[in-house]
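Every chain is named by a letter (A, B and C) in the order it is written, and numbering of its residues begins at 1.
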């Protein structure tokens, strides 16, 4: 059996050391970090991956797509898939900026607190790379989601984009900003997820702590002040009032475990494409 | 014994993933892929290779020179050799764009069909990196070669360049383009090799299939339409009419085997320079 | 136990092959060479190093800072230290252009010849990256040092810089250029070290060979003509006249041994910072 090789495709000028270390710890025997990858220059990398080993050894080669720009990474994934030749392909994982593994870990945290199907959620900063994936995964799990953004047209566009992927998704755009608007947005909601930028408070403590129906509050910003005031980054299933809380570091342990398991999984077949949904299924399997 | 290290010097902006995978599969324990290598910046790389290990361990370090531009790779090889200090040197392989291993595999395919010495060949697109190496290797094997290019002065220049390397080479420049001219060029020829660009037909089926003396037809373009009409890329010693045929993928298996064997060979001594001729000798040895 | 990973941060456009080979030979199981590292872009690399492994595995990850520009490497080290989060840190070694290991090996060579404390030394080209470290290490060892440069204000500045680091250092700036001035500068001196540019003679043979008190002459320039005329690059404790001599290659063996030992040492803890003084202590320990 040939040794495993992970081709780490990064759209940034420097390949992510974070992704490289996780790849090694997931058991990749050889790692090829490639920086400055684009939808154009990636084709030759893919050909190098698929034309060098026989069909029975192709599962020993895999591709990871990372980098800080999620849209560019998605364009790279599209090119990678186009460069495959029928059965001549290798497994691929997409996790730019950890957006997929973070979103999956956040939704899995909510699922550990309560059954998702039939529940209602509010996702703050829902139009960013992590937020939009949280919305998508919640919608697939049967959650009715209020998709919040400071920019109403972007909230609407995010809803439209998810509806294309998830038929029958119950989505509602909103742009609550004042405490009263946020309180109204939380009405009838059991799950709130904040997926905003580092150091920006999106939800004051006085608003969410007085909501009696809220059962899960998950914040994905590790840099104080956090997105949901009153949560600590280390919270990992801590009950505050009536609500089970997760902070970014609390979600991080499950995220890391999933990231490593996903890399290992790549080497079991040569035809996997691990995007948000497939990573969610893997996280369910890991338990 | 220290672990083996292959320093992969690539003249392109991204190091070839193809070459990296082959290096690992050939058994290199550590690989240092270096992109954007030039004849100027390579000197420090070479010093890093030769000044770090004692004389008895220098065979455990080797250099591979690749990239899509053969002329630039050759300039890098020249600098590498100049950077050596007497016995302080490491083994080197030159195979930019696979030009050497492809040319060797093509000529070895012809040699498996018939004795080369004393035969006559037509090489189409003979002035490119692969074609010129095919001419050089055929000439060394005692074949009289018609060196064809659409550009007559370039055909002449290619002949002149090979004559410098192979004394007594029997070479004749030509620029056949019409079917009648191609038919005339094939007259008295037993071997035809097409080394042209992807997707360009150089020799119509009606021309070569009616030539009674032709015994070997080898095409090195994997992208349809192929260079020799009527051959399939997968042909690997398939007899079509009176002629044994090889397509690019059919030649590819021997090329890959040679590439891997050559990398392994680098680590047996510290003074090898594996260019076209040395790779041909290695292929002969592999059988 | 997780495998060891060395993150090789290089401020040059190409990572040093020299440093990469030494890292492998020192036993690093995985190497991540990173080129074009700056004080700005290094922070994300450090976070990738410290946020991926649990506290008990952080000693298995380490950082090496190299490159040809010592000042830029020092700025990178400063950023690296600022990017650590309390106990979340990894061990670091600084050795741009080999300046630290070379300076240590030079001073250790002198220490093998005679007790350093209380002796007097002349350091030529003392304001460069290696020379200034030699001055610093000699001063710490209790040597009174004449700090020579062709530029008197730079010699003064170098003295001032070392005095900040080594309290009570006995330093004297000078700029001897003529044979008579050099002879005067050598008066009362037991140790002379030349740390100048390649191919530049700093001290004529006729000057130093007639000095009766000189006991150690160490030259760190490997490219003829050497900095101290009459020494050979291979000299390794060779007695010439009354003086024990070392050339650059003679010092090099101890330098390489120290470099390798230092890389290995990085993986024993997660809080080491190996700069000149720490490397000197390690060299003393190695004996």
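We take it that a contact is a pair of C-beta atoms (placed from the backbone, for glycine too) under 8 Å apart; a residue touches a chain by one contact, two chains touch by 3 or more.
Treat the numbers as computed from the prediction; the structure is a model and nothing was measured.
Under the stated contact rule, the graph of chain-to-chain touches is complete, every pair of chains being in contact. Judged by shared residue numbers over all numbers used at their interface, subunit A and subunit C contact each other through mostly different positions, with under half in common. Per-chain CA centroids place subunit A at a distance of 46 Å from subunit C. Touching of two or more other chains is recorded for no residue of subunit A. Note for the complex: subunit C touches subunit B at residues 13-22, 24-25, 31, 33, 256.
Put simply, subunit C touches subunit A in their complex at residues 2-3, 5, 7, 30, 32, 34, 36-37, 41, 44-45, 47-49, 51-53, 61.
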